[in-house]
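I'd like to ask some things about the structure below.
Chain nomenclature is as follows: A, B, C, D, E, F, G and H, assigned in order of appearance, with residue numbering initiated at 1 for each chain independently.
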Amino acid sequence: MATKTLMKGNEAIVRGAIAGGCRGFFGYPITPQNEIPEYMSALMPKIGGAFVQAESEVASINMVYGAASTGARVMTTSSSPGISLMQEGISYIATAELPAVIVNVQRGGPGLGNIAASQADYFQTVKGGGHGDYKLLTLAPWSITECYNFTAMAFDLADKYRAPVMILADAIIGQMIEQIEVPEKVETHLVEKPWATNGCKGRKKNVINSLYIVPKDLEEMNLKLQAKYALMSENEVRFEKTQTDDADLVIVAYGATARISKTAIDLARKEGLKVGLFRPISLFPYPSAELLEMAEQGKKFLTVEMSHGQMLEDVKLAVNGKAEVSFYGRSGGMVPNPLEVLDKIRELVGKSNGSCGCGCCCGKGKKMEVSK
Amino acid sequence: MALIEINKELCKGCELCIHFCPKKLIEMADGFNSKGNRFSQFKDSDGSCIGCALCAKVCPDVAIEVWR
Amino acid sequence: MHQEVIMAGTGGQGIMVIGQLLAYGAVGEDKNVVWFPSYGPETRGGTADCTVIVSDDQIGSPVTAVPDTLLAMSQIQIGRHASKIKKDGVIFFNSTLVDDPSKERQDCKFVGVPASAIADELGNMRVANMVMLGAFIEITKSVNLDSVCQALTKVLPSHRQDLIPLNEAALRKGAEFAAKLK
Amino acid sequence: MTGTKVFERPKALSDIQHSYCAGCLHGVMHRIVAEVIDEMGLLENTVGVCPVGCSVFMYDYMSCDMIEASHGRAPAVATGVKRMLPDKFVFAYQGDGDLAAIGTAETVHAAARGENISVIFINNGTYGMTGGQMAPTTIVGEKRTTCPNGRDPKTAGYPIKVCELLATLDGPSYITRVAPVSAAGINQTKMAVKKAFQNQLDGKGFSFVEVLSNCPTHWKMKPIETFKWIEETATVHFPLGVFVDR
Amino acid sequence: MATKTLMKGNEAIVRGAIAGGCRGFFGYPITPQNEIPEYMSALMPKIGGAFVQAESEVASINMVYGAASTGARVMTTSSSPGISLMQEGISYIATAELPAVIVNVQRGGPGLGNIAASQADYFQTVKGGGHGDYKLLTLAPWSITECYNFTAMAFDLADKYRAPVMILADAIIGQMIEQIEVPEKVETHLVEKPWATNGCKGRKKNVINSLYIVPKDLEEMNLKLQAKYALMSENEVRFEKTQTDDADLVIVAYGATARISKTAIDLARKEGLKVGLFRPISLFPYPSAELLEMAEQGKKFLTVEMSHGQMLEDVKLAVNGKAEVSFYGRSGGMVPNPLEVLDKIRELVGKSNGSCGCGCCCGKGKKMEVSK
Amino acid sequence: MTGTKVFERPKALSDIQHSYCAGCLHGVMHRIVAEVIDEMGLLENTVGVCPVGCSVFMYDYMSCDMIEASHGRAPAVATGVKRMLPDKFVFAYQGDGDLAAIGTAETVHAAARGENISVIFINNGTYGMTGGQMAPTTIVGEKRTTCPNGRDPKTAGYPIKVCELLATLDGPSYITRVAPVSAAGINQTKMAVKKAFQNQLDGKGFSFVEVLSNCPTHWKMKPIETFKWIEETATVHFPLGVFVDR
Amino acid sequence: MHQEVIMAGTGGQGIMVIGQLLAYGAVGEDKNVVWFPSYGPETRGGTADCTVIVSDDQIGSPVTAVPDTLLAMSQIQIGRHASKIKKDGVIFFNSTLVDDPSKERQDCKFVGVPASAIADELGNMRVANMVMLGAFIEITKSVNLDSVCQALTKVLPSHRQDLIPLNEAALRKGAEFAAKLK
Amino acid sequence: MALIEINKELCKGCELCIHFCPKKLIEMADGFNSKGNRFSQFKDSDGSCIGCALCAKVCPDVAIEVWR
């Protein structure tokens, strides 16, 4: 039977990865995710897996590229600046159609920033921080249990689509300790990998490559990728709705800010305000259709992020002008607390006309409110 | 006659000066500074400090000044 | 029962450990709990705070807007956090290192614990954190001291397990001291 | 045809003709690598990693499994492969821009880790693929498109002797520099490659063969002149020999 | 008087940079921009500037970080994969508020891709390929003359805003040769840089930094950046409109695809089709207001890109559901030719109802039409 | 106070107290760097570059102009500064994770170019700031959080001797390794820093001082024990001495 | 006058150079011109094409949908480009290396020039490109041969300037040969 | 009696084999192969090829086969 214990998010990511069949880890230390390589260095040898502390994040992602080429389930993890260094490698992995899991425990940015929680790598993750038209199937956990389950699931998804999968967490999710029911074992779906470069015994040679020197060929590769992303959009959209049916205002938030918003919503409901939570779990593919549907029901939206309005753009693209979209964000490691969100809710609910005064609906660059 | 002054607030109590003083003229004081650190103190009853400044040179917190 | 506490200190004072002890203690009593830390980059010297929420209900936000309690190891933390504490909340401070801060908040209860001194008596400065936790538990009753003592094996790193008796002693000394205050 | 065939195209070479310039030693080195793979019976057991450089298409020219790495990262890619497949044979083939410029960290650390891989390093003193720019191995005074007046150490520094650099590490089991520009040199080169490969099979760890190569096109020399230049000039700055063998 | 000569785009970028006061170049070779470092290596020494062939793009961008810290006008250039490697450094430069010019001569991606023209680094450039909430003021030249002028201007803009400025070109623009009137001299506006780290003689020390360990401080830094970006949005929006007044359909395209579209439009006009061209010149800040205005006039839009629909999202965000937005794109180095665009125009103009059949308005991932 | 002050806080140190752990040699090295800057009258002429590591806040602790570089790139940043300001004095201060892991390429190439900068390299055998992970300089067998059973060369390879590595290049004018853990060692360290700085003023090019440093916190030793360990163990694996002086 | 030509060869055959010569020649006559290349990655062996548009009007798209003319140095280029050429367009091919390709397009004019052979007679294979260009100019009249010859100094790299007479000879030989075809 | 065969289509005319043949039995042929490359040819009127295969070993294009 499943055991209930306390666990830190970073540890849950490690345990989930191993449950998901991860047998190779390549990473470089960076706060706030250091527990991940540390646990991996202790656990991988025990299960006959490989652990390499790489010389840099650039090396990490390229070791993952090579290790994934063999068909093994492998991963790397880092935090914002380190993920930026991986962008070339991620673009290669996506193009070579290699299954791999990447975890970003986001910290305050830009620049060296700090080690507190942030969600300002959303654009980098879902729009493509690297060059070219590729996408990262992205899952955003909001609890330690999801850290475990999503990481395990990520390896299946990576294999299913032959694509890199990103777990987008943040310093709160990674550093937080709470209860988790660790499942006895996780269902994993291992697939054949006839494409793997593991020696051409009994077959013709395999090549892992992202070079298509003839534009026509590269365009065909791109169309293949686009078809794959369309398929993900059909099959892998994940989200959670809470108290949205009767809601006038729907808060859209993921990860830690979704949890904070949940508390704010409970407080608002106590005040009789009709507010609900829409939590995108897959950030790509994004649950646009569901948002549009709610928009057409006449609901208003409030996006809450630890950024200056990044997912906000996907919400706006989803509702396509059919609903008012407001924004509340903190940045640089500042975390909105439930009361700040509650204030914003109070300000918005019951208010009839268009402009929410947050300055984020004007099309031009985004202003932000900071509770003083 | 030489002497040193240890800035109690800068001291973190690493005890390196104590080990480096050829004359063993430094010891840990009781109590803590405002930062909650133990700190060392200069005890030179018979003025045997030679002002070699080894204590100061090894102090990572530049907490020691030396007069000669 | 729903208790939100901020424990604040500087790196090396063992704030994270006592926060986790409280968390493990609470789980031992089948309560829900969330712990999360925030620190500066230095392994030492930098600020090191953690939030612990213990509750009979499911816990949403791990972030506390209005903590019930503050546990402060040294001076600066008072300044950084006292204002956030809820009206009639409790502020524990290490009176060995902190001058009476009661002017900071008229509407809070202040509990001074000479934690560093008591720890020093016990022969190891580093258990001042345990003394503070002991006092905290005695007064808030958010968990039983025994559950916390049992949690020591889980929380202390393997190379510190030999210090369990010392830590337990420090916890109890802190509790005793606090008991006398009532 | 009378007699027996004593020299033919190795199996490990695919039948796609490479597109190197006339007289480019990349072709000779591919053939030598392929011959050694054949002779050691490694074809079905091999995963090769090719670089970004003129030899970027090596994955077409070999008939074993191949991985095309990003520029400079072949040692990291090979590390990833070898760690997951310790029983397979893994080699990396890299140019001097790839290995000694952008890939410096990956090279030094794969060597320091003693990764059980074999690296073939083609030092032709320039960035051939991108049009003949200065490389970290360009000899002082040599003209390249990014040092049109000749490499000036005051602003562009000095060439890196990679064998000597890596020889300071404890990880490598074999480090050698060869020059396949004479009958003897070609044979030595093949023997060096063979030893580098055998070391990996013996689990000895990182092996490294630096090949003093050419670029007739960007050196603006006839192929045979590049051979002469390598023998008379390159070998002075990059002495041949075995730097590590343990 | 200005001399009229033939020049290659990459050379024009070099000459424009020097005219704009560039005195330090740090770069690493990559096709299709190799002429830039090659010309720089020859010209910089002549004008007492510095040229360093860096060991990598990571080194290049960090040399730029250091060189810009001194207050000098400096730049680096690369192409897609190399720009991906610069993402951490770019995020640092933006946060440390350093003026610097970065040129991306885009090539086919993702991965190693190929060396033909592409516009698939749009997201990376304007949404933020690096971590955190920063933006790059981005200019997209469509002629050799603009390569020269925009690069020169970029140094002024970088100084004016203490921010990195990106010139987003592609293999066509970089490799193309055409006439240019080289101005006698370019007006440059040199500014005081009291913040520069050049020795603290006679002042208190300066520090160049992107570390703000206290979240409140980092949030303030972020707000300062956001204010800066808002200011850019007010002052630096650049675009060009041609034949849009009477147009039923407005093609939105930048750089090389704008030129191609221009020819298609001329052909369409000959057929009596009312089509115009809207060419964003600044990609950030994006000319959203102007697009919205035209949308409200009931015009339809067709976005033409060498990508699978990246700028398309900014067009949709701008018109906010008020107009139909269609898409035509090629990728992987395939370049749309004027007749393909003309066909798309024919298909769209005169057509009344909503769906353009390009599949790009469905909110879910984008499909694309490729002329067979 | 009688007598004259013979030892006081150098001007080049700001009055912000550093937050290093008790007994950490980063503090001593900051002081030595500051003293040399004072004694050579460089304060107003200096641009320092600090790393990402425990010494990331060095920009607060020095009173000269400072630049905080991204992790490992200080040599590239310093290169950018020096190329634009050849007449200013430019130093970089880096840890061993910063300089010998992620920054390997930037270090090797700044040295190969003979960049006229001075680099102070703090080798404490671990990643202090991030919590005591294995560094490229961690000695075989030593326990770190990412080699909890001690560094095993079979999987983690061997430590890199950076001085020996860089000494194979023609660019550097001065390379030395020192250990400020004794009265003599502290004096030698200061002399080495002074020479490294003087070389730059003399336009001699790249100078490099490796400092065998400590990390009482993650080594889990008392400060004085770390001194003993450095003298008895570290110096065996990382011999002290001058490797290049020209 | 508006002339769109694709010049196609493999790296090393000097396609880019003759394209640029045409461009510079046209500018010398105050025409508008755009040149742009596309090649494979190999310095040698890979495909190397360029597009040249010469026009009396402003030039929009640098990309040609329906070229008026194709100039092909060797076999493969015919296959790659012939189909694109406009009806009644002209296809120049190096008849030394290309077998008669006229079957590829019934509706185009084919001009075979034994460029490699002529170049070899001139003692340097590498000027086959110039022979082709000479023939192209003679027949299309898009610019004057003299303007192109004058452009040689601009286009040839400094270390090749000594070859100007040879290149000019090749241009004229190509023109002569083409003249005979009429 | 040894002999070699040069694959005209693979040959790029680099002439290395010509320089390496100890017996000088290889020369450039007139004309070009289908790729437009000059190519070399084997000329051994009096069967003096010793089958040393130096020509083959130096050929970057693996255009030569040797029989002995």
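The rule we apply is simple: a contact is a pair of C-beta atoms (placed from the backbone, for glycine too) under 8 Å apart; a residue touches a chain by one contact, two chains touch by 3 or more.
Note that the structure is predicted; figures quoted are calculated from it, not measured.
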Graph distance between chain B and chain G, where chains that touch are linked: 3
Chain pair with the higher count of C-beta pairs in contact (A-C, E-F): E-F
Centre distance in Å when chain B and chain C are each reduced to the mean of their C-alpha atoms: 34
Centroid distance [mean C-alpha coordinates] between chain D and chain B, Å: 59
Between chain A and chain B, centroid-to-centroid distance (C-alpha), Å: 53
Sites on chain D at which at least two other chains make contact: 20-22, 56-57, 68, 70, 101-102, 104-105, 108-109, 113, 129, 131, 136, 156
Residues of chain B whose C-beta touches two or more other chains: none
Junction residues of chain G - those touching two or more other chains: 40-41, 46
Chain E partner contacts - residues on chain F that touch it in the complex: 14, 43-47, 49, 56-57, 59, 62-70, 73, 76-81, 83-85, 88, 105-106, 108-109, 113
Residues of chain A that touch chain E when the two form their complex: 58, 80-85, 87-88, 91-92, 94-96, 106, 108-116, 118, 120-121, 123-124, 127-135, 209-223, 225-226, 229-230, 232-234, 285, 288-289, 292, 307-308, 310, 313, 316-322, 330-335, 363-368, 370
Complex contact set, residues of chain B against chain F: 1-3, 5, 10, 12-16, 19-20, 37, 51, 53-54, 56-62, 64-68
Residues of chain E defined as touching chain D within the complex: 28-31, 34, 37-38, 41-42, 45, 51-53, 55-57, 81, 112
Touching residues on chain G, where the partner in the complex is chain D: 12, 40-46, 159
